[in-house]
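You will see two complexes here that share chain A, one where it goes with chain B and one where it goes with chain C.
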Partner chain A sequence: MTDATLNNIKLAPREATTWQRLQVNRNWLGLWFMLPAAAFLILFLAYPLGLGVWISFTDARIGRGGDFVGLENYEWLWDDTVFWLSVFNTLLYTIVASAFKFAVGLYLALLLNQNLPFKAILRAVVLIPFIVPTVLSAIAFWWLFDSQFSIISWTLKKAGLISTNIDFLGDVWNARWSVIFANIWRGVPFVAITLLAGLQTVSPTLYEAATIDGANKWQIFRHVTYPLLTPIIAVVMTFSVLFTFTDFQLIWVLTRGGPVNATQLMATLSYQRAILGGHLGEGAAISTAMIPFLLAAILISWFGLQRRKWQQGENND
Partner chain B sequence: MPNNKGKCRLAGGEDWMASVAIRDVRKAFGATGVIHGVDVSIRDGEFVVLVGPSGCGKSTLLRMIAGLENITSGEIRIGERVVNNMPPKERDVAMVFQNYALYPHMTVANNMAFSMKLRGAPQSEIDARVKRAADILGLDPYLQRFPRQLSGGQRQRVAMGRAIVRDPQVFLFDEPLSNLDAKLRVQMRTEIKELHQRLKTTTIYVTHDQIEAMTMADKIVVMHDGLVEQIGAPLELYDKPQNIFVAGFIGSPAMNFIKGTLRANGKLEFEGPGGTKFPLTSAPKASNGRAAVYGVRPEHFHIDDDGAEAVIQVVEPTGSEIQVAAKIAGQEIIAVFRERHQFKPGDKIRLKPDPRLVHLFDEATGQRLNA
Partner chain C sequence: MTDALAPKLADPKKTLHGVSPMADASEGMSYLERLPRRLVTLYLPLTIILIVLLFPFYWMALTAIKPDEQLLNLEKFNPFWTWTPTLKHIEKLLFDTYYPLWLWNTMLVAVCATVLSIIASVLAAYAIVRLRYRGAQWIGGAIFLAYLVPPSILFIPLSSVVFQYGLFDTPFALILTYPTILIPFSTWLLMGYFKTIPFELEECALIDGASRWQILIRIVLPLSIPGLISAFIFCFTLCWNEFIYALTFLSSTQNKTVPVAIVNEFVDGDIYRWGSLMAGALAGSLPLVVLYAFFVEHYVSAMTGAVKE
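Up next is the complex of A and B:
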């Protein structure tokens, strides 16, 4: 074969065939190199997504494939108050929890970026909530929030601040705040550690320059640290919002969406309808209804928090 | 208040420049001492260069003057004020960092205006000062660019602009040119010098490059291992280095050092390796037989029939001069000639130092012996 190729080249050094040209064409080669990754993405991302969306247009149930029913599932959801409640709950859960995760995470990151004693240990401690498996920490919270054995109620009672146990998970708003709190607790380390990584890329001489320019601590944060951190804030908060919006485990262990759907999120409702209720089509429709929200979140971060002009020189791309 | 001062000076009014006095200043990081008692006096409007090898504590000293580093003991005064415990913003100093430390998210104009905005200066004054600094430094076309979009030399200028806009009592520079290529470095050297002649602001400039020090300074402070070795005008250090360290540090190529003994039996001479004799015009009294180090700058050798025999090893012509590495009685020395000699490796020549320009140091203490 080598001989043949050699002969070819010898005989017709200028007139390469299309195939030979393709062999050295960078774009064509690039296409081949991308194929494994593309196959992977199609198999594990695009296919399940497509399937989910397709099922939402059918009346599939567990155990039998469905027929195409058009928008019937969506029409059904449109008039379903529980569905709308779950949308409200999900938005509340996402917005409140993300805002707190951002504030607390940023605060912790700034704190950990200082020269504290036992810095390494403190950083490790902050990561703990992130390392513990969700289900495990959810069970721990379940105990904390238990209507009879809650240590929180016990402490407050001992301190004489309340006289009866707090019904953390039984009351509508108590339950909402409780699951939001648990979510914040779990989500803060991710935000804090990522922002800390971002903070560490800021050159310390910038702080020194600002100090000499006469900035106080707050001004340094406001005019130097924060602007330099915005790109990483954009990324980490996008992820945080996506994770929170699609949260399932924590709610499922703590409340299963109760009491009376007060903590029912779109993800848990979808699971309940599709798997427990057997209405795959309807569950898939609820899941599909999450897509526009998630896309909106991504687009906001994409356009609003895009790479800034100061990050990319005018002359390169 | 600093605002008003600034205005006065900009309007060409009264001079507000300040002297800087450093008194027995020491610095230790934990248990490790880094600066072991330094005294330097800097007059109003003087351009002082701190020079010394890497790690000798130049930056640390500069940062103590700026207020970025605590002073372990001693006293630093700027003008009439002791600034030991004064936060940087009250010291009224501006600093140019080695990596420029420009705020990457601010345009050139905003980088320069930042300190004045923090002070709450009126916009018209900010604009005027930025404009003036940009004019001085030729930064006008770049005011709306971000630091990323500038070349190294332009960034360097912005860093200086940021300092000029402040109109401070003292400029502090920490190796501002070390990130530039050789040619640009020479150009910026001249620019900084011109800037100083124009603004006449007291300037403390740190570098480890002795040529930068020689060309820019009114006064050089040579530091070594956290101590001052010598303070003086550039030519003073070149002509009369007080010890071997300064002698070897100032001048390029470096001074040749030859170990040997003083002979003062009738004729005053220096006896080098292999009994080679070198001329001397003066030496301390009763120094016959004293162990000493004889120092000759490469440019102070010339060819003379009663010189010491030297075997040429390497010849390096640079165009304007010829640098020759040769061996005198086995000891390597460097000589530089402005004349175009046709030397080849292996040639034997006779080299004689100019006796009025040689340096003599005590071998044990390294201190200068001759006048």
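Up next is the complex of A and C:
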């Protein structure tokens, strides 16, 4: 009798079926949890990325699949002065705008990190240019940069600094500086607010200690703030450089690449060639040509970050 | 004492003001600085930067309510103010164009794409952080890399994909392609958030016999509502801001989103277009600014969280 019940009890933990095992299997569950995200990213990101590289080796046009033509598109671009001009413009745009965004953004972050009345409101207000869709603020800049009715020209004229209206978007270099300014205007809040978040994690005791040791403002910044901020600077500037390099909206609204391709970036040129001109293959080749630049930017910041971590003896967490 | 210390801390500008009373006893080390000095080194640059940052919006709003004749006559009227505001431009926008429809399209696309992305990201982030299936680390890295792939590289091949799937010129073209921008970002953000939820809670639930799905729905999600709001707001803003896909994948006027419609439909030869153009830009920005005003903290934490992780 007792033996029988004992036997029954022993048998009670029955063998789990395959189905039940699957239900607690990490890999099996993980597969299902990943499925929606993976479906989107494979269908609409990985596949098009590969397809884009493939299209750049074909002579595809809109409405007609292309044949493989090897490196013909790239050879064509190699001899295309407009393409090289767009590379120059893109690099100029990215380097100048990023440098200014970093300098002004860091300065603004340092200002906002001090004791201020209405600090929360100020921080919220600073971020507004980043919230408003780029196209819509670009339209405001278009109006500010109008050749006839620009308020900037008007103010400078009233102040007696210039005698004729500035042709902001009609002159080659004026147009370049104008779009760079608009880009800086939009990018500064992002840099400032993210760096401010980094600044707030720096302990005030470090500043107090440095002050007692007789460090001046610049020394405190250079030897306390900046080293502690480096990791976040690297990440923020990577993002900033990437998004500036591939910018399309701002240029498209303000100049559409003009005057005489002076503000033509690689992104706008590829749109013009591929969608407006119908030469998908050539446009895709221009897009693909952007990839090495982007990889270089990512690698530089990545290794910069690693080196800094190594110097500070941090774990790679 | 303060005078002895001052030359060390001060820049040359300070000496212009001579000796001045100590600033108020606010926190930190700012008591070391006097008010005139703070005026020059802090309030003045801050004011200038703020004016530059906000002036385009003031100008946008002012242009939207100025009568036409004042817009183009800078000599006769003070350009920086108007005493006779008009609603004509906004009226034209609402009743003579498809503007309400465009606004609706934008809203629809943004909400659908955001909801889809958040659902997919919650599942993916939970799986990467807590299920830790084989290769989860690598997948996490790959998702971060996906965030760095810019739309300007993808729009040409995507346009042919969209064409093949028969989605061209429908809202679905955008609803299905925007998640490629949003999922990497929000997955990355939510991964960071899920990591902060104590592991022990889930272990208790597992002992009580809850399945992974139940844990996610009943324990993890209610605890991560702030993170979800952050991700939602940020994704919504990104959708609203997106331009190049909307420009490429949509062709008929009625289907367009606000940014594309304003650039393409309003820009005609009319010399008096500025008023309605600015009204359109303003009306397109307001929903976002209002949303942002309510959730500033969430927005900032989304932005900085994604960078910090």
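By our rule, the second predicted complex is superposed on the first by the 264 of 317 C-alpha atoms of A that agree within 3 Å, B and C clash if a C-alpha of one lies under 4 Å from a C-alpha of the other, contacts with A are read in each partner's own complex, and residues count from 1 in each chain.
Operating definition for what follows: a contact is a pair of C-beta atoms (placed from the backbone, for glycine too) under 8 Å apart; a residue touches a chain by one contact, two chains touch by 3 or more.
As the structure is a prediction and not an experimental result, all values here were calculated from the model.
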item	value
Chain B versus chain C as contact partner of A:133, first or second or both or neither	second
First (chain B), second (chain C), both or neither touched by A:223	first
Contacts of A:211 with chain B and chain C, given as first, second, both or neither	both
Chain C versus chain B, contacts on chain A by residue	C
Partner chain in contact with A:105 - chain B first, chain C second, else both or neither	neither
Contacts of A:203 with chain B and chain C, given as first, second, both or neither	first
Common ground on chain A, meaning residues reached by chain C in one complex and by chain B in the other	208, 211, 214, 216
Complex contacts: residues of chain A adjacent to chain C	23, 26-27, 29-31, 33-38, 40-41, 43-45, 47-49, 51-52, 55, 60, 104, 107-108, 111-112, 114-116, 120, 122-129, 131-137, 139-141, 143-144, 149, 151, 154, 185, 188-190, 193-194, 197-198, 204, 207-208, 211, 214, 216-217, 232, 235-236, 239, 242-243, 245-249, 252-253, 266-267, 270-271, 274-275, 280, 283-284, 287-288, 290-291, 294, 298
Touch list for chain C against partner chain A, complex	8-9, 26-30, 32, 42, 45-46, 49-50, 52-54, 56-57, 59-60, 63, 71-72, 74, 79-80, 116-117, 119-121, 123-124, 126-128, 131-134, 136, 139, 143, 146, 148-161, 176-177, 179-180, 183-184, 187, 211-212, 237, 240-241, 243-244, 247-248, 258-260, 262-263, 274, 277-278, 281-282, 284-285, 288-289, 292-293, 296, 299-300, 303-304, 307-308
Chain A-touching residues of chain B, taken from the complex the two chains share	66-68, 87-89, 93-95, 97, 99, 101-106, 114-115, 118-119, 146-149, 162, 166
Chain B-touching residues of chain A, taken from the complex the two chains share	203, 205-206, 208-216, 219, 223-224, 227-228, 308-315
